[in-house]
Amino acid sequence: MLMGKVVGTVVSTRKDEHLGGLRFLVVRELDGELKETGGMVVAVDSVGAGTGEVVLYAQGSAARQTYLSHERPVDAIIMAIVDEFEVGGEKLYVKE
Amino acid sequence: MLMGKVVGTVVSTRKDEHLGGLRFLVVRELDGELKETGGMVVAVDSVGAGTGEVVLYAQGSAARQTYLSHERPVDAIIMAIVDEFEVGGEKLYVKE
Amino acid sequence: MLMGKVVGTVVSTRKDEHLGGLRFLVVRELDGELKETGGMVVAVDSVGAGTGEVVLYAQGSAARQTYLSHERPVDAIIMAIVDEFEVGGEKLYVKE
Amino acid sequence: MLMGKVVGTVVSTRKDEHLGGLRFLVVRELDGELKETGGMVVAVDSVGAGTGEVVLYAQGSAARQTYLSHERPVDAIIMAIVDEFEVGGEKLYVKE
Amino acid sequence: MLMGKVVGTVVSTRKDEHLGGLRFLVVRELDGELKETGGMVVAVDSVGAGTGEVVLYAQGSAARQTYLSHERPVDAIIMAIVDEFEVGGEKLYVKE
């Protein structure tokens, strides 16, 4: 999984028929110091993530292993909201 | 998923027998500011996308999760046409 | 899929037992202007591609979705020979 | 697989329902000289790895091939703790 | 598939229970001129490859398509030993 920050949304009305009801969020990838790497992905939201939240997202076939996304043409999913990120005994991020 | 812009087409008559009837579109990857990243992919079209349109495309096994592409040797699919792309409360793209 | 140019072959006699009868071709990746990107892959040929031909190749699990490659340990397949590559209304490549 | 070093943990309470009981570890990728490449991933722990340990991790669908991770939305797993890493006849790493 | 050169081994005693009996080899990626690219991967050996040999390796779910690796958490496999590598009519490598 990678860490990312939710920064926006994508709206689509004309889409594959398997995609009804899914929310597409814009996620910027974060590195080990919580800085943006420049990478961006559009991921399906399975946890009710909101703008500004730090999340974990999975890519590839893993993105279809939720009830929401099963057998749908999606390759990235937000599967967890990060509460704490700790490196070397130091808490670099704590969700408020 | 990644965002991209449809810029062209690929025509092939000699191809794997599972590929009949599929449209192959040339898609340039877009970043979070809708600028081209330099990345390019040839993706199957599942939504009737046209040249110039901003789309979402999925890669890997996700590309086979449409009726059109099921069990076919394709690794990239356009699965949505983008209506709106919003980041930080600002609409960076609205389809005309 | 990515576009590539077939430039050579790999011969192997000592290989996994599932790989008998497959042709391994050396493919150089092409960008949107048909220039080599520097990327290279060894792909199974499912369409009778020859040296110098411009092809489409699929990677990942898609590479096992042909009769030839089904359930075999291969991660890249040439699944189409390109006849025409058109960008912005201009034909950048037409097969002779 | 890639080699990495465990450097921290991620805690999440709000997550996909399939993710209960999994430990998420922060892993920094190592190169062939055991130096950090700058790459980072959050991986599920299947072997009881601790901070500072050198591990092997698998990505993609391979990450779901343990009892722990079967059919769960995860794309990276620590599946081995490295005892010895030998290159060119020289032991570059031996676990203490 | 990518071409690589076997340069070493990884030994692990504490690992996922599905991994018994597998050999983990250190492989350095080679480019089209047989120079090392700087990329490295740890791959399961399915063909009895030895140090110094030039091999083909497959990544992703393809790595589980051998009897040895079926349903195991591995994402890279050496599935062929290269006898000859020919580009543009010239043999750039012939196994001795």
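What to note about this one:
The chains carry the letters A, B, C, D and E, assigned in the order they are written, with residues numbered from 1 in each.
Criterion: a contact is a pair of C-beta atoms (placed from the backbone, for glycine too) under 8 Å apart; a residue touches a chain by one contact, two chains touch by 3 or more.
On a predicted model such as this, the values are computed, not experimentally measured, just so you know.
Touching chain B and chain C together: no chain. Fewest steps needed to get from chain A to chain E, stepping only to touching chains, is 2. Inter-chain centre distance (chain A to chain D, centres taken as mean C-alpha positions): 20 Å. Per-chain Cα centroids separate chain B from chain D by 32 Å. Contact with two or more other chains is made by residues 60-61, 63-64 of chain A. Each chain touches the next in a closed loop, which from chain C via chain E reads C, E, D, A, B. Residues 7-19, 24, 26, 28, 40-43, 51, 60-61, 63-64, 71-76 of chain A are the ones that touch chain B when the two sit in their complex. Looking at the complex, you find that chain A touches chain D at residues 1-3, 31-32, 46-48, 56, 58-67, 69, 77, 79-89, 92.
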